[in-house]
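Below are two complexes that have chain A in common, paired first with chain B and then with chain C.
Our next item is the complex of A and B:
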């Protein structure tokens, strides 16, 4: 753990990103900080609109243009500040050093090119390798993600594949150049559980054999429990809780995390009614004063509606942004 | 009066249902290949299986949106395929469907009021004068307010849209609701709200659910019985508790072992399958799961096993289910109670949530 702190693969420091909307500029993430070490997995957890995806797009500098803008903070990858790179330098980083996998396999592939040509494109762009060699590696990558009959699939077009197969192609593409860091945004949400298990196993292998760092964005807390070394929980654009996975699951320290974990149906038992978090996720354009969660929090006190709590250490590496923490 | 009381008649009776799709120059795709099951009144049967196993084709035939190649679907003893188009359409109000995607299953140009009034008019559920009152009642049933009736779908969140979809299904006063992945597009906390709603509604109105899902933790939560489907056939059907705690079919076991458990204290232990999911086009003489099964022998590849009784309320299609070792993935460890402070906070949240729908 300490060796990761000394020289992490990725260090995000106080990142703030905004998006221009019809109603003015909206800050979508604030004060987001975390680290990912080589061979480590960080899971980012939270519900739609909490800023998970914007965080990954900010790291990759793939924010929608011209609306998206990094307002403050740094993204340091192996000591290089990615926010300061030119677009040309950034293109060298993407796909080779850092890869990203998005949730929708329908839009990530170009419908007019074969799977094979899209797979080899990254290899030909980033590495000195001939077409035959690129094709062989593409074939190996398809095999790795468990695509049936990979030879014939290389010459197929995206529409000829099922959704699950397309998603596996996208994952194969992201892993082709053996990136040092993989950002996977809900990579297995559209997949069946047995295929998901296969993909997670592949991620684990690459993490162990190549020391690949992994940022896994997911709402599936089962995947988090299985894959994560560290977890950050985001709510309304901020990190509300961060820490080692066991500590987060065993002794959660933010009421939102408690609600999120509690509202999960369990495969091991049949509950009468599921506990639920009251209220709904706030609109980022009209965030409440103080703590963003206070209108939904059963523990909220007067202070919570006035002052914004910052992320503070609760136990060891476990941090929470709650005035009442520690809760136990 | 003795004999065959209507009370014992199943709500839904699916008999030897088959749907083959012809392909030019190739063997027909056997999307559904001889499926039989029943759903009792007020019961929830979950249908689980992976993409391409035939769940959706089965659902379409039950909804009479697709004609079976052979076999029949009986709703309260009435064979849907024997009905004229006219009589079928009149019967349609009795079976409704809730779709997966609350974004594409509502007409964006219709207000919620129009969406809910349409089936009321079409099926003459209430006289025209009572429609506004009925729409308000439907909305309150699903936790929305009548003030929201004049809004359009885009003005709602995903969870609220799914509530509108549920209200639309309720409008016809159905007796069977097919839920096709109804919560898989929703966030965790919203999902819990919608699952609770579906359960409350069943308690209140007593209808039956056919609940199609690939999310096994949701299935565990909501269903009374579970049917597991693989390549067009049922491989196991039984009480939810039995299927989850003591799965007998090798495929059910592999499927259950693939679910990540939301507890970092339990290391994953997977049953790995051989090979790949074949397509339903491949015609196999024996068990369709045999090519992937580690227990398969010559008998499995030669003779297809039929669903046989394997205990009260449990049927398995496997030659070897008696001889398989007990299944244990340490799931029971997960039943640890949460720490007291967590339980207390959850209880307060649920109290708050109950106050403000």
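Our next item is the complex of A and C:
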């Protein structure tokens, strides 16, 4: 066991979260467990609505109030259980120890305050420093994410910036206090490819120089291949496959993962139509019995419709929740 | 910013002329004859005819309006029919107390209304939210004079806590403040209910927005999230509402001034109308219209300051 494994930055254990809806309380993620070590990158992949974003909101305890609730499980950050912290203690973790970048760049910034004031506010919430110093650091952060003409941008309002620039401001804001863990929910979706490469490079640098842990939520498998150390694949609120990136890409075990990887266009082969995973994500209020994926699964057997498969080791750290695994 | 001010001022000119015209017409269609009022009972028809000619009442309506407009532009609002004093002089004594009263009413209503509305939004669905919303409906449904009479009955007569007759002097004196309490809270209470409800609605909407989540994710305290990030963006509709309610405030001022014997424009208007003192009534209408325009200009400026996206 390496040191990182013995004392991970973040360890999520059997997390279950529910959201109250008009039709009753709905469990949106259940039995989610994973670890992120310092300087490591974990990618969470899956279709929209599979619980990726709810997982990150649960870690930050930013679930919509009063609808969202953590029902069970633990989130341990450097040995401290975040689910047991008071709101005041949790506030000190947010933005300083763990930062989050949300995926909506157009609406993530308050329209009535300048970029500069929103950036320095994040800094002043956690550190004692003068206004001039805070401004200088905000300027540095804007430079880091490659915003052109950062001096004038500090006094601009969000509506004066493009979507891509706003997203970079949000990223700069998250990195301002040099967090130990960054959760980035589709951080580069709004950006064009060159800027995306620049941001990913920045993440990589911070990971290497500061040992920042990174949770990257994405459905861009190209980004996964480039950035991830470990991957978890989520489906209908559960982790269906988890493991080191190479193992997941080379020997995917769960039919859903195989389907996802099959949808990835390859340069080497000329395909007519891209293969798709047939069917749609199930309604969480009416999840099927047994394995949540069985109605869409090309390999489903009778047992899959009755019993829920749990994550089982396939080889090494590679685990899959499928009755058919290992599929070798 | 300057362009907004100039624009608004230019728009105000036709509005003012319209107001003057309506005020002018109202007194023409009113059943009482100013000449008869001046001449007193038992005047001969000859005397009335002479008086009418003197007052210009025999000329065509539009011509009379043009003459009136010309005089108003020169700052001459005519003389009171009753006591022969220049209207502008009487108004200048009355304007101060009225503005003072309205300002104090706003100072009561705006902070209290916004605080109650924000509290209700943050405590949504709990008992405190229900109590605030129910009492705001009660406040909305109760006419201003009713509140005034109840306040006089209990705080004034029954418990003898506060004076309720007239103005006690300038606001920097103790007596001035004491005399202001009941009229200002009565007048302000008309606005507390609507402001609280609008603040709550706007706040509930803003609190679900993404940038509120961003603010929380930075590790800001809930107080800062609500008072800085949410309230600032929830305020524009509340400010608009205050502008729209300014009419009620002016109407309320007329009632409040009459009940509390407040020496302001509202009381002057009532007594002028009651005694068919038409130059005075027109003068008070002009003052009330100008204050409505000023309040709305202020609302527009505050709006610009609150939301940088509409700054020009």
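By our rule, the second predicted complex is superposed on the first by the 322 of 328 C-alpha atoms of A that agree within 3 Å, B and C clash if a C-alpha of one lies under 4 Å from a C-alpha of the other, contacts with A are read in each partner's own complex, and residues count from 1 in each chain.
Here, contacts are C-beta pairs under 8 Å (C-beta built on N, C-alpha and C of every residue); 3 or more make two chains touch, one makes a residue touch a chain.
Here the structure is a predicted model, which means the values were calculated and not measured.
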Sharing chain A, do chain B and chain C clash or fit in the superposition? fit
Which chain, chain B or chain C, ends up touching more residues of chain A in the combined arrangement? B
Pick one for A:258: touches chain B only (first), chain C only (second), both, or neither. first
After lining up the shared chain so the two structures overlap, which partner does A:279 touch, if you call chain B first and chain C second: first, second, both or neither? first
When the shared chain A is used to line up the two structures, what angle, as a multiple of 10 degrees, is there at the CA centre of chain A toward chain B and chain C? 80
I'd like to know which partner A:27 touches here: chain B for first, chain C for second, both or neither. neither
After the superposition on A, what does A:111 contact: first (chain B), second (chain C), both or neither? second
Which partner chains sit in contact with A:99 here, chain B, chain C, both or neither? Use first/second/both/neither. second
Is A:305 touching anything from chain B or chain C once the two structures are fitted on A? First, second, both or neither. neither
Considering the aligned complexes, could you tell me the closest Cα pair distance between chain B and chain C in angstrom? 14
Which positions of chain A sit in both the chain B and the chain C interface? none
The answer for chain A against chain C in the complex is residues 60, 62, 64, 66, 87, 91-96, 99-100, 102, 104, 107-113, 121-122, 125-126, 157, 159, 170, 173-174
Any idea which chain B residues touch chain A in the complex? 50-52, 157-159, 187-193, 195-196, 199, 214, 216-218, 220-222, 240-241, 244, 254-256, 258-266, 268, 270, 273, 276-278, 331-332, 334-335, 338-339, 341-342, 345-353, 355-356
For a test of understanding, state which residues of chain C touch chain A in their complex under the given definition. 125, 208-211, 213-222, 229, 232-233, 306-309
Which bits of chain A are touching chain B when the two form their complex? 47-48, 146, 148, 162-164, 192-197, 200-201, 219-228, 245-246, 249-252, 255, 258-271, 273-281, 296, 298-299, 327-328
